[in-house]
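Here's the structure, in structure tokens; my notes come after.
Here the chain labels run A, B, C, D, E, F and G in written order, and each chain numbers its own residues starting at 1.
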Amino acid sequence: MAGMSPIVRTTARLLFPFTFLFGAYVVIHGHLTPGGGFPGGVIIAASFVMLVLAYGIERAQERVGFTRAEVLESIGGLTIAILGLFGLLAGVAFLQNVFPLGEFGRLFSGGNLPLLYLAVGVKVTAGILLIFYAMLFGFGGEE
Amino acid sequence: MMISIILTILFGASLLCALRAALGPTAPDRVVAIEALVALMIGVLVLLGAYYNASIYLDVALVYAFLAFLGTLAIAKYLEGQGVET
Amino acid sequence: MMHFNYIIAMLLITLGLYCLVLKRNLIKLIIGLAILTDGIHMFLISLGYRMEGIAAIVTDEMTSVPSNFAARAVDPVPQALVLTSIVINVCILALALSLSIYAYRYYGTLELEKIRRFKE
Amino acid sequence: MAKIQQALALAMVLTTGALLILAVTLTMPAFGSFPQRQIGESAEDAIGQQILENAPEQTGAANVVTSVVWGYRGYDTLGEATVLFTAVVGVVMLFRVARRSE
Amino acid sequence: MIPHAPILAIFLPLFAAFLMPIIGILSRKRGVNHAREWVAIAAVLAELVIVGSMLSEVLSGQIILYKLGNWDPPWGIALVIDGLGLFAALIVSGISALIVGYSFVSMEKDTGLDQYYTLLMLMLAGMMGVVLTGDVFNLYVFFEIMSIAAYALVAFRRNWQSIEAGLKYLIIGSLGTSFIILGVAFLYGLAGSLNIAHLAQNLPFLPATTLILPLGLFVIGLGIKIAMVPLHMWMPDAYQAAPPPVAALFSGATATVGLYAMLRVVYMLFGAFGIGAMLAGLGLVTMVLGALMALVQRDLKRLLAYSSISQIGYVLAGVGLGTTLGIQGGLFHLLNNAIYKTMLFMIAGTVVYRVGTSNMDKLGGLWKNMPVTGALFGVGALAISGVPPLNGFASKWTIYMAGVEAGQGGHWPGYAITVIALITSALTLAYFLKAFSNIFLGQRPGHLADVKESPRSMMFPIMLLGVLCVVFGILPQIGIDLVRPAQEALMNSGGYISAGLGGM
Amino acid sequence: MSSARLPATFLCLWATWMILTTSLDPQELVVGAVVSAFIAVVSYEFLFHGGMRQKLHPKRLAYAMAYPFAYTWAEIKAHAKVIYYILHPRMPIKPGIVRVPTELRSDFGITGLANAITMTPGTLSVDVVGEEPSLYVHWINVDTTEPDQTNMKIARPFERFLRGIFG
Amino acid sequence: MIEIIAYVLLGIGTACAIIGAIGILRFPDVYNRIHANTVVVVGGAIFLVLGAGILGGISAFTVKAVVIALFLFLTSPVSSHAIARAAHKSGIKLWPKSVADKLEEEKR
């Protein structure tokens, strides 16, 4: 895929790590600020999309390829499921919090909520990227 | 008080932008108008954050700015006529 | 004027229905679907508003007086529902758009008149 | 024929809209009256109000919406993640041959 | 009961689905054949065991309450399993088990089987979720899982037919689910709760007029899902275009789930409003129109789809009567419909698998090639038309009796239901005889001379269902016994409310 | 000196994390370090090109310090001009696209120049042409179309600083 | 003191925003409208953000507001440029009274 003008490329290159970081921030602080797994995952995926728009699809696929995204998505889903199972293993109900709650208002608080959000973040990133890649290949036509 | 006056004026400005977005003879016209609208909305969000004294509104503004930027890039890419090809 | 938000939401829903029923272009149909669900989300989220309400997040300046927080914050349940519903809507749109890419590939058009099954 | 059909559809849409607006104005509790619902329970018993009061201690998250999303209604959100997974699998399924050519 | 059985029943297929892409990638790398099929079969069988393990408790009249995350019911989400839910869950898991077994051979020529089995598992998870949940919004979410998987599966073959059918199904179906969530929003605004039991407790305190709109929204939304007649446009296309096992799953399990949700919402939440008459009326219209449309079809799958619509009409009519006998008959018919409709779709699938088309004009004289299949088709056709020694007769007879009973009780429309149902039965027999003679009798086109009998692994589930048809026909008491807890659960909303709120 | 790129990226990202969280809670810092390390590994070749040593040359720092002031001044002038055009009832504008040659060579330099030109209202860079780089600038009030003159009028205020900063 | 600065910034921002909006409405073609858009973004939004940031004194809020301003400052010219380039490539003509179009001339 052809890229865009050098100005856009340079800016995309500059912005990519920071948007990635911002997405990670939104994911990790889901229990303290607005946002959470889904918006954060979308931001991370969007930063990859920005790379695709500016450079073409190869640059983004070097980082996260199709198969890797598929595996990541499954892993995210499995992580959520297993975190849910922790409740069962501890002898209480499904999805019940079995981690210590931590100090209110700090980063390590809320028990399993941040972990769940992390899993959702990974999953959403991979999922949105997969949809995007699949649609791009779809535009490319079948050989 | 000041803030409500400012918000009223900004509302008028965003109405003008929306008018251009509705009128705009070509697609880039609309995009430009909407870009201006987004910038105004970011300003409004930050003002509201200052009004409620809650910095959580700023995250929203940042996300909004980023996604608007991305949307503009995507539309620009589409308009360049090359489409999105692999 | 007490129901202003609700009425706007319902107008959005009606607009979406209008698009869905009367427009004859696949993409417009999908846009209609999006507008419809947006109206529903707006309705759902304005159900939980409290006069002079604040966001349901305990921030630093509020941790000392949590009771005050509970008396001022808006209802969090509809917000959670809307979050879920938005994701579902996004998924439906993604699937719909992929299918319309396919339809476009087969027919070279997105007009429903040209696509056989929709004529019935 | 097509004209009549269109007029019929338009009338249907307009009727639905009018019905919705009527129902909303007549039956819904007024906008902004959150803890109060139509049913005779007292405002303090409303589910949202109870969650607002108890969530910070029970789940330890500062964002009450998060404690609803993954705490009280976590199962819903598991479903939501599954929906996303379903959609992704569906899209990948649709474009599978195009993928094989890679 | 296996501990945590309610959540495991939903969780197991979900876990299998999350695992499936990884298994697919690994088995491709290692060169292992059929790994995903075996995983799917294992998951489905385990599912059946789990659901079966809940049977004894529910049959003894208990209502199982499972609190997710250990939050108390009106706040958190709870799974509530009563007789009706378990009845539907049994149908769903049983049919799915057969379908997965059937897909093993039937789908082997297709590509993208990773995704196929993933979607199948997801659909199963969604259906189990709808059936077992005790929360309106959760019902909506799992309905969406089921529907999205269904949209994708309809488009699985990716020819123009299935793409169009998928799009049509998607747009109409998501309109339906939008109505459902709008109804949920109205309920939340009115009653401030989402728990079905809590809602059922509170809604009767509201003035009836405020509830008309939410009820209408729910009925329209769910009606789209179960293809009630004014809203059935998507169904024949979808059933025709879907791969045969998927079509069988739709007609057997998905329709059951939709009807379950309809019954649950309408009877549990809005039970006080005498909604039965409306349901019965809609059922009659559905029944007759479905049968009439089926008469003129030239394609076997389309014919079966219209006949599905017609059968759903029977269930609605029976349940809409609202009497004990009527509900029993309706639910029994639901069970029977799942059995023989799945079977017929499977047979259509084997015909397509062997011959390559389901257009009845191009078929004929297949009796010589595939006699067993033909015989089974005959059994299914006779069962669906309500010929005495088979199960269709048993349930239809119950519905007729219920109609007569209602008529004697002074409600003249009861007689009308009986008469119309009888006429529709005759119509059903007519179009199935036509289909049978078109496919298995008459002139055999030359190119069909060397068509072989269906593969054995595809034959097995069909035979199983055929045997069930005969068993339920000869000993209808078994079926009635199975149905009675469901019927009692449906009529006993007080028990549901108290159990659903944790015995408050 | 490409080996210095990874730590430099890491430090940049960590500082950004601190700004985003606006707290010095040790938990935040630790998680921030982990996250920034991960992102730095994923994306370090995007942020910096070339060596680190000459990037911190004092002359460049001096130019970088002076640049904002010059930039702000140009910005204010341009704003005043465009606001005048907007509010003038007859709108006395003479728009057109002109070619502006530039002496800058590096990616960052050209991007910086183009962005600066776009950010000052009244001029808008429409396209960049590759070797022997020159910008095509949409100018709201075209005085001249001669390349030297346009460079003088449009690019000169920024070019000097940018050349100092990026080379 | 800081309040006064904040209000001055807010005032400038509001004035620029409304004037820019008028410009977007009044200017004759896309390229000129982008100039007005720049006025809205740089003069309007960034000043508004900065002003609102220091309205309640210097705090964490200010830091984040500066981040937003910086982000706007970085991305807005890029998107303007992208849109202008796309508009030119997709063949949208300049305003007929325009003086020169070197890009079009040299493409030929």
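Everything below uses one rule, namely that contacts are C-beta pairs under 8 Å (C-beta built on N, C-alpha and C of every residue); 3 or more make two chains touch, one makes a residue touch a chain.
On a predicted model such as this, the values are computed, not experimentally measured, just so you know.
Note on connectivity: the fewest chain-to-chain touch steps from chain B to chain D number 2.
Two chain pairs are in question, A-G and D-E; the one with more C-beta pairs in contact is D-E. Placing every chain at the mean of its C-alpha atoms, the farthest one from chain E is found to be F.
Chain centres here are Cα means. That of chain C falls 39 Å from that of chain F.
Here the spacing of chain B and chain F, counted between their Cα centres, is 22 Å.
Look at where the CA atoms of chain C average out and do the same for chain E: the two points lie 29 Å apart. Separating the centre of chain F from that of chain G, both taken as means of CA atoms, is a distance of 15 Å. Multi-chain contact residues of chain B (touching two or more other chains): 53, 55-56, 59, 62, 66, 73, 76-77, 80. For chain C, residues touching at least two other chains, in rising order: 13, 43, 47, 55, 57-59, 77-78, 81, 83-84, 87-88, 91-92, 94-95, 98-99, 102.
Looking at chain A, one finds that residues 4-5, 7-8, 11, 14, 22, 32-34, 36, 70, 73, 77, 81, 84, 94-95, 97, 104-105, 131, 134-135, 137-141 touch two or more other chains. Chain pairs that touch, as defined above: A-B, A-C, A-D, A-E, A-F, A-G, B-C, B-G, C-D, C-E, D-E, F-G. Here chain B touches chain G in the complex through residues 2, 6, 9-10, 12-14, 16-17, 19-20, 26, 28-29, 31-33, 35-36, 39-40, 42-43, 46-47, 49-50, 53, 55, 58-59, 61-62, 65-66, 69, 72-73, 75-81, going by the rule given at the top.
Looking at the complex, you find that chain C touches chain A at residues 55, 57-58, 60, 63, 83, 87, 94, 97-98, 101-102, 105.
On the side of chain A, the complex with chain F involves touching residues 5-7, 9-11, 13-14, 16-18, 20-22, 24-25, 28-29, 63, 106-108. Partner chain A is touched in their complex by these residues of chain B: 56, 59-60, 62-63, 66-67, 70, 73-74, 76-77, 80, 82-86. Residues of chain A that touch chain D in their complex: 30-34, 36, 66, 70, 73, 76-77, 80-81, 84, 94-95, 97, 101-102, 104-105, 109-113, 116-117, 120, 123-124, 127, 130-131, 134-135, 137-138, 140-143.
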